[in-house]
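Below, each structure is written out as structure tokens.
Shared between the two complexes below is subunit A, which pairs with subunit B and subunit C, respectively.
Here is the complex of A and B:
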């Protein structure tokens, strides 16, 4: 029987041995284990997501017939208005295509829109990520831009068989080229250090000195389309502050991001039709 | 058993005894050891206590490095705040070498392995393989950049390894300078945030008006001696990023004001010299703004007008604010595009400008005989001395005058003005009249009058000026040329020829002084909205004498030698009365110089001008009126337009009924 002192230290010894063992495991094996972990975990995540959908379905079943009839009428009205919008959009799309051709702008037609449901949100001071319910099975590539109704969501960081991890634009590791609305000079946007309970934000750099913005008169920051990842004209956020940098050459500033980024349920992945 | 006990007792006793026995040799070694320990402790104390500061200083010098970053230079603006020289951001992609230690080591091992596998006996040295590894890693990163922005750049081995890695390790290495906005955008979006490749910004001087006022503004040149205040660590090994320093013009004159405050940092470095952590930092700040007296509208008008009428010839235009002496425009031709020569200029471009004579600022450094514009000064000198009666018509111009035994001919004797008084003589620029009056007045009086107007001195403007101004007199000729003064010299001086040499700026100041009825105008390149009007000693003419002088100058622009200004519709400025005087000086055997000095409006002068244009037609006599006057008119036209430009309508606010 081992001495009592050693018996008490056994968990630490085992932990030490495991860590020491992990250190000597080849990198290839580690990468494989990590990838496998995500793939094994994916069904659980997906199951939880489907369970939530089912829960929602049964909660809807509890509504009365009157409520359902009313909802059906509302839906009918909504559908009618959407049909109008669809026709309007068709003519607008033609007009956009004509202008794009005239101005030689990159077209949204270069992307295939792939809607995806958000199955997990992973926010911390270090990273801001979501997991979506589509991955390699839908041809989602790494680096593809992700958008929602309010503008840019982020870009795809990792792609697994059935899921993909999206890095939000509020993540400090995301950087993209934007333009201030009404201006064509590119600026650099980077996700900021986000406060725990506050709205997501980012910072802009290389802002020309003649650009002004404040919390009372914010300016919209859009994607430039010059960077080769995001198409132009998507809303990144609102510039609420700019001030001259220490070098006197550019300004730096803060960007307020859409608060809905923290509660997204559906996003759209823009899959490049002809990737570079 | 008993035996054994005895043995034990014996042995025990012997052990005890041996332990307790006195061993002097051991004691000696105790002392030796103690002494050695004392030496060690003493040495330690010496190194720690006595020489501690020295070691600490050595360690500091070895483990700390200082970086100095220049502050951007201040803007240079015109009197209305329009930027003449600003800073433009220059975006570069740089490689932070201090983040590549592990990668460099791996690459070195790979390179060494590859060489060893070749089996070649003549292997490169360890240092050479390290160099190969460094260039290889840098090229690898440059290839990443090339792939993103579609370029095909290569690492310059010598610049990278010898110049940068060996001497500037703490500074980022510039892979590509001057990125286009699209390239900047692509790199921002494609490079990872924590990559050793980062977009870097620096400033360069930018000149929105290209060549406008090039000689006034001046250029900057690279400066490697940038210093930072309040950062400390002056004794540390310092890496300086290149700044700029004024090379000429206002950039040089006001370098201290324009120079930004340098910033920098002190870093702790490891044994290889790589950055560990910042210990102290100071951000650079932009230099102060310089508000010049120039009006860029007038400057552009002066340059455009000169280019139009001078057709590639050299010369200068100076326009002054009569009240304050502020220089409104100062142009010198030929000039050069500042954007093409700053901060670096190619040898070919330098030689091209040199060949054209473009480096010289002819407004302040060009020496010319003033020609007939000097007749204004001779008129003043004569009237003040009482030798010229403005109403006297006793002088009859028949185109020739005998001076001693030499006959002087006006325009080869083709011009005969007949009986002529001062007013007409000024308007028609009658040489016969001024030869006669000059000889009557005398060289000493004329030279003294010129000195009263400070024409023999530099104006002390904030630009480089020539030291060669000459207001001659017999003493000067004797001293400098070792020759006697002849009456012919006086005659020549009376019409601004001979030995008299002035600059266009001198004549502009003279015109401004005459306009105010005073002796001195101090020109300045700085604008001060609160500047008081300049005042100096009055010229000393009676009002009647002044009226004749100004009348002659106005007649010059209407019916006299500058009548082009009213004859040609394009040159007319309705409502503006101009007092002017033309001049065409012959530089012996070389070229003509066409002059025109003027001020306006005649009633209340506000602007004074001098134009000098180097001609190339020998014997040309009407150059001043034909060429120089229209150039001045171009500036006056713009000035008059601005003066009479409708101001924005005021907002009428109705009060309560």
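Here is the complex of A and C:
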């Protein structure tokens, strides 16, 4: 029988061994373990997502015929409006192509839009991410931009067999270059604090001194296209405050992100058609 | 190691429940963290090797699904396990209330350590603490609420798998 003093220290001795073992485990093995554990839990998360869809289906089945007819009419009007927009879009694309050819401008990168359902939202005070129901099986690449009707959602952080993890723009680790609408000078955006019961917020830095915005007269922050991840012109959020920075050369400010970001059910991944 | 796997299955169930709860709470910007429940039972009830096995597996499950360096949760859980295991002979650990209290304390410690590790990334750390304290409060309330059920589930699962430790040693 081991002496009592050693017996008391045994959990810490084992802890020390675990720590030492963890330090010498090769990165390849850790990567393999991470991927294995993710794929192990993925079917459970996917099943829950499909169960939610089924729940939604049955709740929709409870609607009366009159409600469905009304919804069909609304949808018809919306479709007609979108058909107009599609035609307008096609003529604008032709115009852009013609101008690019005439002026010998480099064309913008082409993207394939890949809509995907949101499987899991993971919005803590530490990180902000969602898991979507498409991954390597749909050719989703790491780093692809993700958007929704309100603008930028984030970028693909990890791609797994049937799912992908998207890092939201409200995550403090996300930084990207933006421009204030109507201006072409780049500013730096960082995802920021996400208060309870309130919309997510970000911060902007390196804002030129002649830019003004307030909560009553907000300005829209758009993607700049610099950095090559996001196409230019996508909405990031509304600048609600700018004030001179400590250095006096630039301003800093706050950006209010779209409140719909925290209740997303469907997003679109922009997959580059010809990745360089 | 069968006990470790049995306990890991119950941890997996809890992880799925918490993930679904967090999915639903996301529009309110509230997040539940239940790390303490992953450690408490294994540290109070299982032998050293099985307990470590269960806690390490649970930690890796957390690590695989969160954007932290792989091993962060695993090692934090292992440290919490070692501390609780060392103290367990001095606690009436067959009492559910004691198990819940240990889970609450472990959760508090894990939450604070994780917060200190991650807070540096936030552009305004002082403003981030308000959110974190509210999340902690909600997490503790949920642990107090579901703790007795979860410990009973783990006890029952061990009994069903016929891997229940004969004594509390």
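Some points to look at:
FYI, the second predicted complex is superposed on the first by the 202 of 276 C-alpha atoms of A that agree within 3 Å, B and C clash if a C-alpha of one lies under 4 Å from a C-alpha of the other, contacts with A are read in each partner's own complex, and residues count from 1 in each chain.
Following the convention adopted for this analysis, a contact is a pair of C-beta atoms (placed from the backbone, for glycine too) under 8 Å apart; a residue touches a chain by one contact, two chains touch by 3 or more.
On a predicted model such as this, the values are computed, not experimentally measured, just so you know.
Touched residues of subunit A were counted for both subunit B and subunit C, and C has more of them.
When both complexes are overlaid on chain A, the residue A:172 reaches subunit B and subunit C alike. In the superposition on chain A, A:37 contacts subunit C only, with no contact to subunit B.
By the touch criterion defined above, A:138 reaches neither subunit B nor subunit C. In the superposition on chain A, contact is made by A:123 with subunit C only, not with subunit B. In the superposed pair of complexes, A:12 makes contact with subunit C only, with no contact to subunit B. Of the two partner chains, subunit C is the only one touched by A:45; subunit B is not.
When the shared chain is aligned, subunit C comes close enough to touch A:198, but subunit B does not.
Look at A:263: by the touch rule set out above, it reaches subunit C but stays clear of subunit B. Under the contact criterion defined above, the residues of subunit A that touch both subunit B in one complex and subunit C in the other are 172-173, 190.
The touching residues of subunit A, when paired with subunit B in their complex, are 172-177, 185-186, 188, 190, 206, 224, 226-230, 246-250. Residues 8, 10-12, 14-15, 18-19, 22, 30-31, 33-38, 40-41, 44-45, 48, 120-127, 129, 157, 165, 167, 171-173, 190, 192-198, 200, 202-203, 262-263 of subunit A touch subunit C in their complex. Those residues of subunit C whose C-beta lies close enough to touch subunit A in the complex are 12, 15-16, 19-20, 22-23, 26-31, 33, 48, 52, 56, 60-61, 63-68, 70-71, 74-75, 78-79, 81-82, 85-86, 114-115, 118, 121-124, 127-128, 130-132, 134-135.
The part of subunit B that touches subunit A in the complex is made up of residues 71-72, 87, 89, 91, 181-182, 184-186, 188-194, 199, 201-203, 260, 263, 283-286.
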